[in-house]
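For clarity, chains are labelled A, B, C and D in written order, and residue numbers in each chain start from 1.
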């Protein structure tokens, strides 16, 4: 037994309740297309496929979906990134900023351009979810050790019940993927699966 | 060589520049006093001592210091914490909410009560640092895998240069401490030391 | 007919719906006690009395109440106020920062210290209302042409239905009170009364 | 003498200091082109011309410029607007969402799509200005009694020195234009002119 558990970390389960909203973080070509320096990691491609499956069900049941990509005008208006590829290629007019068509429905999804790691940071996603009466937020996207971690923290601190389906998020290596799910699962969010979320959507719309 | 490095993560160093501001996250008795369920972890006590040393120099040079604790009125106004001890004891009127006297100077520090993991989340610390003209933020406090990770992400996404002196932050176990410094050091912040920050303060005030 | 109306301003009524939350803005002694330079304006005292009446009903029905005061440690951590009395007296340890006992129930209200004009600006009130599932926000307090205007804009932009009971807010002079209700009533909020809100609370709890 | 002045409102002047940043609020065709229901008010057209003149000088001196328009995907992701024209026409794909070419330089300006009245509300403008080291914010755009009032409050509460050049902002009628400049000039911002800001830019770059 680890010392976090001894000290009551992870002792409470959150659960899905009320209306859900789904956020889809940074499934843009920069991360899903292997032609780009940060793109095409196997865990990310697995997350993309499971998220596409989840979104198919979600859209059929009218669940609010907010999707984002990260892009800037120039290095001046971006935060102090330590990643060369982000500094050089994450631009509004760069082809790698386009959302992956596997997860994007332009007729359905609310799309925002974000500037930080978190999809909630200085974007209209929280106001949108307030207006929709969302109680539980489902986090999908990449990378687990970057923008997923940040978005999960924000969903939690804004007061939402927060669920991370493990198979809908991905990363470049499995170690940091696991480490971050461990950290957030102790504190902020339930680590779940696409199937469990799909079952909840189907159950609650009956 | 790991695959993050291959893909240009961590390739840029940020550096300290301009005016610095120091945030001191959650060095309240709940974390620094072993009588409380989350308190007294050795890495945290080490971080407390080094932070006290850093703050001594910082205050002598007029560096802005913002310190926080986490507390609520009741379970209703707190986010969905998975940690029983936080749910039960993090209260405005609980003795464990007091800042540890080792790091707190009530005549100098700006103190805020925060509600989420990040010291910047819905607190007046960003406006304070804007008014002070802060360019570089130094992150101290606990725990590395919780509120330090969240505060580091926020400092970065608000546009500040962000420095985490490794010996000024602490955690319950060393594994998550290292994992989180690895994640943020690749993306958002330089991992540094109390001595390096002290040297910068002394150098820049000459 | 004014040119705003011609252009479709104010054409839609918002209405109260779902769960309400009440914010009580700056009914601290600085504004309600005539011994202080900004205190004791007749319209403010009228607003205080009506708010007290509204809160009596609200608390009996379990409605969430968030109350705030404005205070700072020093001039350094406050924004660039143009009001001498705010610069000099709005301090954590000043007696005029205490909430007026007419509207404050320490056993019931969630109280926050705010740093800007809006009760929602960098405070935990939005997360609290998200967690409570609030759909409609009732704005009470002072001054209409200052912190009420700011709080109303924020309630609106965060996605809440927003109601300003005219007799629960007050100001130093009647002109700016009316001007600001006119501006927000065209765009963001319904201008209503304590009695209408009380009727809604009683009706919706049946 | 009015009772606000008696009570020390407006007693402190803020002044321009340090690096400035300019925000250009909602000079989109919806407000500047008389073919649209909210467009073409004479005071707005005057503000547009003076802002274009100010921006010409600002760009030549490397001053950061952030410009915004307001648009949504549908009525679902917008706040509860009371203005029919906003509900029906403020869409990403509507021609009236385009920035007026008089004030927009796509090679220079950082452009954000905002969802609320304030250009700072849930947009990356504050992080951009933090990274640029902006100390003084100049507010231009329309309407004075709507988005200018909201943006001025936010600039102030984020800790910036805030200047509103009266001839760079406009409204549908002159009454609300004056009323709102009066309210913010008492509390949050200096009411100034394009010429004064131009003189500051030229003076400070010498």
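A few notes on this one:
We take it that a residue touches a chain if its C-beta (ideal position, glycine included) is under 8 Å from a C-beta of that chain, and two chains touch if they have at least 3 such contacts.
It should be emphasised that the depicted structure is a prediction, and the values quoted were computed from it without experimental measurement.
Graph distance from subunit A to subunit D, where chains that touch are one step apart, equals 1. When the C-beta contacts at B-D and at B-C are tallied, the pair with the greater total is B-C.
With centres taken as mean Cα positions, subunit D sits 35 Å from subunit B. Separating the centre of subunit A from that of subunit B, both taken as means of CA atoms, is a distance of 25 Å. Separating the centre of subunit B from that of subunit C, both taken as means of CA atoms, is a distance of 33 Å.
Contacts with at least two other chains are made by residues 79-80, 115-116, 122, 126-128, 131, 157-160 of subunit C. Chain contact summary for the complex, subunit D toward subunit C: residues 2-4, 7-14, 37-38, 41, 79-85, 87, 115-118, 121-122, 145-146, 149-150, 153-154, 156-162, 172-173, 176, 179-180, 182-183, 185-189.
Within the complex formed with subunit B, the residues of subunit D that make contact are 18, 126-131, 133, 135, 157-160. Against subunit B, in their complex, subunit C makes its touches with residues 64, 73, 76-77, 79-80, 110-111, 113, 115-116, 122-124, 126-128, 131-132.
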